[in-house]
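I'd like to ask some things about the structure below.
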Amino acid sequence: MSSETARIEAFSDGVFAIAVTLLILEIKIPASGSGRLGTMLLRQWPSYVAFVLSFAFIGIMWINHHRLFTHIRRADDGLLIFNLLLLMGVTAIPFPTAVLALHLRGADARLAAMVYNGTYVVIAVFFNILWRYALLHHLLGQEIDRAAMDRISKQYAGGPILYLLCVGLAWFSVTASLTVNFVLAMFFALPPALAERVTRRASAHG
Amino acid sequence: MSSETARIEAFSDGVFAIAVTLLILEIKIPASGSGRLGTMLLRQWPSYVAFVLSFAFIGIMWINHHRLFTHIRRADDGLLIFNLLLLMGVTAIPFPTAVLALHLRGADARLAAMVYNGTYVVIAVFFNILWRYALLHHLLGQEIDRAAMDRISKQYAGGPILYLLCVGLAWFSVTASLTVNFVLAMFFALPPALAERVTRRASAHG
Amino acid sequence: MSSETARIEAFSDGVFAIAVTLLILEIKIPASGSGRLGTMLLRQWPSYVAFVLSFAFIGIMWINHHRLFTHIRRADDGLLIFNLLLLMGVTAIPFPTAVLALHLRGADARLAAMVYNGTYVVIAVFFNILWRYALLHHLLGQEIDRAAMDRISKQYAGGPILYLLCVGLAWFSVTASLTVNFVLAMFFALPPALAERVTRRASAHG
Amino acid sequence: MSSETARIEAFSDGVFAIAVTLLILEIKIPASGSGRLGTMLLRQWPSYVAFVLSFAFIGIMWINHHRLFTHIRRADDGLLIFNLLLLMGVTAIPFPTAVLALHLRGADARLAAMVYNGTYVVIAVFFNILWRYALLHHLLGQEIDRAAMDRISKQYAGGPILYLLCVGLAWFSVTASLTVNFVLAMFFALPPALAERVTRRASAHG
């Protein structure tokens, strides 16, 4: 973290922290007076699934943003704009999360899961744009080597395609699609070096 | 950023970050059970337009606030008050945004767009007050030259008039008014030096 | 700001920034379809009055918190607890604000204004406790002199009594009560030295 | 606070500050026009109880998080993940708080209190995981001695069991359960050294 990028990081941290904390507001409070609170709480399970999924996603995006900005040392107006674009994606998440929570058990479950995963495709694209921009405009610190840069680029490049796969998968199985979505979050939580080894082993077995 | 203004910036960053993240809460979640989620999501397009417009506006205001405070080095009680006034404008934005989103397709579209643009007129005035106050009370750092100050003053001076034009334009065409509104946000995203060149070329062609 | 109190201030700034930004969520969005948006927006004037009053109050409390912590240099567990107590008062404000906004034109206007001012009495008491605690436990920096301390103590001591007066005044006139409330906010925005002079002149004339 | 853990703390502070400030949004605004505002405000007492309980709990969790991170000096990916897990618990609190507030007077009071205390069991477990992880992975600074570490470990180890007791107690008496819950919050507000003395005296008398 350099002083030049400090305020960008502070602002971004704020947006991540708020977006992740607003998620809980989308969970309905069961009405009182019926004496059936237990059943009503259990029937809301899609809301809890959606909450955990989105929390994991935003939390892990924050970790990744943090990682990028340990390398990014200089800021220009382009970086500010592309960072805002990424944050727009982040702040939007409570909406598809609520759509998923409300429709996961209904006739529109497939579409809801596609919209949900679709948001992640867009955000993954924005993450790639931000990183590529920083690379191309030489905004990184001296201490990062070529190999480390390539590892990040490779890990990120997979994002849009993998989440697009989740969108398609939702057509066949909503459960499978959301499971892969969660596994992907875990994959992006891995440090780039470890992620590379996992990818290599997976392709060797594939 | 000097230590004297650090806490003002931190507080302001918090307000900007929260205001921009609250925007999503104004988008309604389509009810479940109808099997028509797709249609309902599409019919909500005014909410998405309003979300993107307001996100761009608040984000770019944050960039501008950031730019001003790279020059402002000292704080006095007046600066605190005028900064609060500006922040009051910022926190208000989710309200006209929701009004615009709900009324953009109805009989009150013109009035909604006028209220929306009107909020921006007020905020643009507050931005000018803050900047002029800092100039007049010598709160800027030594390193900024006369020409750079004038460029900022000139770029900002146009704000209230241009947004007032948007208010008037809404009477004739809501679409035109919101388009100009978005173009203006892009204009204020430009660094002052670039903005000056754009203005000069525009007047040469005009 | 010392490093010891830095995290308290950062946390408090966050709470102030969020409380002030949440105020807008309490303003209702007029329903669409009626073609009477203008009338509906105007009829909501109590919401705007309540918004501006509470924004001013929270903003000025932030300035005062900021002022106290330029003097407070050490933190102990008591200070943490009393600061939390003050913040509990701050986060509560959106509730009496919404009560006031909804009932300002109805049969319960007096009670709503009394509840509203009553919240401020409690917060003013918490402010005094925090300041007295810091004084008694020698948590202030060396550079503040006896006279400056006394000025702050005197300015704050008036708070609970003056807001209690507002509570009583609401019984006779809601408008008068809210006007005095706003004037008080302005008085607490004054730096202690200036506040003392204003008080002295007021008592000379009284 | 080391520079390595600074951004974790800033992000966590943001989440704590937002979660604590969102609590007020769960309190309903009594409808206007009935002239019975007083009765309606009084009848809502469970909402105020739930607000104060949860505010105290989150505030004191923040103090504890603050205390841990005066000792934690290094961060690794595991710490990031376990800190996120803890924050997920924190952001969830407005939901059980609202459930408790709405059902405290109804037929489901017992279940609501059990869900409420149950959330605290989970969070207490997450706090223990975070602390044990930091211990095991040698992420602490040099200056903390063995005895101080043990005191924190002992104070925290009691948490899950004590809150589990609250869950059980709710079956017999909701009031007793919530009272013990509040006393526990006060206990965790104590610095570890003082907490140890209290525990010792309590067991001597027990």
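Note that the chains take the letters A, B, C and D in the order they are written out, and that residue 1 is the start of every chain.
By definition in this document, a contact is a pair of C-beta atoms (placed from the backbone, for glycine too) under 8 Å apart; a residue touches a chain by one contact, two chains touch by 3 or more.
If you're wondering where the values come from, they're calculated on a predicted model, not measured in any experiment.
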Handout entry: From chain C, the most remote chain by mean C-alpha position
Key = A
Practice task
Specify, for the interface formed by the sequence copies chain A and chain D, whether it is same or different in terms of residue numbers shared by both sides, with half as the dividing line.
Solution key: different
Problem - Averaged-CA centre spacing for the pair chain D and chain A, given as whole angstrom - result: 27
Problem - Intercentroid distance (Cα basis), chain C paired with chain A, Å - result: 39
Fill in the blank from the handout: For chain C, residue numbers touching 2 or more other chains are 10, 14, 18, 22, 25
Fill in the blank from the handout: Interface with chain D, chain C side, in the complex: residues 3, 6-7, 10-11, 14-15, 18-19, 22, 25-26, 77, 80-81, 84, 87-88, 91-95, 98-99, 102-103, 105-108, 111-112, 115
Handout entry: Contact footprint of chain C on chain D as seen in their complex
Key = 1, 9-10, 13-14, 16-18, 20-25, 27, 29-38, 41, 51-52, 55-56, 59-60, 62-63, 66, 189-191
